[in-house]
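Chain lettering (A, B and C) follows the sequence in which the chains are written, and residue indices restart at 1 in each chain.
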């Protein structure tokens, strides 16, 4: 009975603990800057505050505007169902679910972008076009990385791909490259420095923030919650690739390892964010193409 | 023993020139070394020298032909060079083309590098080991680069930079080809075959054939860069037009041939291994491409030294086509090498005379040569007529041989392309002769 | 052993990508230094007849030459030449990266075509060699500055030398000759020529090393000049 409950436990854990991750990132950045910073639970306070507020809708928007955050959240939660955690397969697992995951992320992005374009404001449109341009470069990279891992582990399901490589596997070769690529994607998809500065208040320099500028109240709460879940999702992917072979270890060791990874990753992101500035917009595609070249290299290593 | 002497004497003389103080002494050393080199070469015609260093250095008939060309040209260049250097003014002076001030390279460096250049070219002709051959060709690049940079202004700097960079890239590719050859030679036999031409031909059956072909491809591209085959020829017009005429004569007449010798050695190995057709096809392609490219670019040249440089590219293309046809064509190609070197060397030296008198390289601006420099004018006209392959000069015979070989072996396209190219170039040269003697006037159209 | 060689080969490929997308001259110099270091370690792990004194000496020599001496020379040339610190392109970094990806894919094809026997056991050796060589050639062609042309040439040499280490160890002196090529051309080009270039031009770009052209490339300027003057 316990084995069947684990995926549900992981799902509940994800939905409850996801907003912690952005808190950890902000705390790390504050500590590195010498401040005390926000409380780690700040994101929860923000969510509850937003849920209590009312929403304001512009007259130029249509129902697509209200649909955007909802579909975004729904798609990401559905994606969470597919991702394995701590060596345990996801809530739903089938052959080819990595493609479904990529497309679910694309669906979420599509609706966010459509909601942004629906406002008719030029700022949102600018953010939408930048977001879409980066996603063109991000998606093949993600596909190539996951494909090379699936070749390596001879499985077409995420639950078979992640947590499958042995220790000798991840020191060198394809999994290491894919892990590097996934870290870059983690930063890109979650709009972290060096791709996007979450703290900027200048609309012209925003990418993701400006797309959701017009959402308010519960809608914005859904957007924030969706971003938090996306952080957890990508974090689970990265930890899955980066983990050694733990099939013999006990349940608590596996859980502990996964949770430690999920906590360490935001700390690493915080350190990266504190040490770099955001890249010039012209350089971002270069970095993404470079990540794409890395995952191509990983694919080459695995083929043949 | 004789081989060592003929390589080391110029080398030591060159090193000695770097440290001697007086110009007179250096020039005497230059002439004496040239005479000794010529004498040794003549002696080698009488009695072939023994191979040394395990067969790595030996002089066969092919090498002897090229060595003789180098030696004769160097003798002429040395005599010319001494009087050329005597007329060069020391210190800074304005450049005739752009009125910038420039200074000459120290004569020690010039004469020293000239002698080292002779020594390395001799080494190329004597080497039968592919590694030594490669080192020698590389050394010719390094020793001839300062020669191009004799007049130290930015144009010759640019020419030297292009020469050095492009030829070094070619040499690196030739090294890759040599590595492939080594890999092919480390074949089925234990311990492999040494990279000596004779050995490789003798034991050709134990070489890995696909790698010999790849090796040939890389070495063709690599040494072809030094030879001036299109499309690797872009350094040639600049280097030949900016270098002093002595150096241009040696580059055109001697260095290109030495690079060609490198290619010929690999072709010998390929013939021995039974892949001769592959080599010949590639040589035909590169040769015809060079001829066509040279023809296109030579049509509207206004600078007579560049014109001569493109003519060198064309003749190198003809050499490649000759060897690419095989049989009678190879004979024609070697004859052509000798003829071309002598004619081109003379043309460049006469061009030096004209340049020294008129201080301009533009064909348009030179008038009245037959009055000012009657002997040079006659030689220039004779040289241009010769270089286009008109009888009774030797180039006619060699080109006729090659074209006949093309028709005989059924390469009709090659023959037609050659004839067309030669026809166009003859027309161009006749035009420029006429312009020189002010029979017609050339104008630049907008 | 096999694993370490794979790591080295993969890192050399990564350095090629980094070279193609570099934006600053200094970072390009550092990347090519790292490439040289990685190469220098190769003979220690790729040997058909066992690690010999010769191979160790070669490794140490190459590490010093490519990892320390040449980058120092290049940095010094960079300081002496009064040039902009960014790399100026004929083909931009994005396009270069895409070209690099295409070249790597076709190098794989080369690796399948050339039936090099598995005495080496490293599938990626030939693709890496060709990729490095073509990267070097591409850098020479697509970058404006003379210094980047030198760096491209160094990458080309790295590729050729790596091929020698993998496949031509048995032939005596061949790898040493390759190193000799490095020394001569490197010292010559970098030391001597760059010194002359820096003295001759105030602001150096290989774009300025392009005044020598055929007349029809210059005809706009020529039309203005009176030929009889």
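Everything that follows uses one rule, which is that a residue touches a chain if its C-beta (ideal position, glycine included) is under 8 Å from a C-beta of that chain, and two chains touch if they have at least 3 such contacts.
Since we're looking at a predicted model, the values are computed, not measured.
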item: Chain contact topology (line, ring, star, complete or other); value: line
item: Result of counting contacting C-beta pairs for A-C and B-C, higher pair; value: B-C
item: Centre-most chain, if every chain is reduced to its averaged C-alpha atoms; value: C
item: Gap in Å, rounded to a whole number, between the CA centres of subunit B and subunit A; value: 64
item: CA centroid of subunit B to CA centroid of subunit C, Å; value: 28
item: Computed distance of Cα centres, subunit C from subunit A, in Å; value: 38
item: Shared interface positions of subunit A, touching two or more other chains; value: none
item: Residue numbers on subunit B that touch subunit C, as the complex places them; value: 131, 134-135, 138, 142, 145, 149, 152-155, 157-162, 164-165, 168-169, 171-173, 175-176, 178-179, 182-183, 185-186, 191-192, 195, 210-211, 214, 237-238, 241-242, 297, 300-303, 306, 362, 364-365, 443-444, 446
item: Sites on subunit C touched by subunit B in the complex; value: 114-116, 133, 137, 140, 146, 149, 153, 156-157, 159-160, 163-164, 167-168, 170-171, 173-174, 177-178, 180-181, 184-185, 188-189, 193, 196-197, 200-201, 206, 209-212, 214-216, 219, 222-223, 227
item: Interfacial residue positions of subunit A with respect to subunit C in the complex; value: 168, 171-173, 177, 283, 285-286, 289-290, 292-294, 296-297, 300-301, 304
item: Complex contact set, residues of subunit C against subunit A; value: 3, 6-7, 10, 13-14, 17-18, 21, 23, 93-94, 97-98, 100-101, 104-105, 108, 123-124, 127
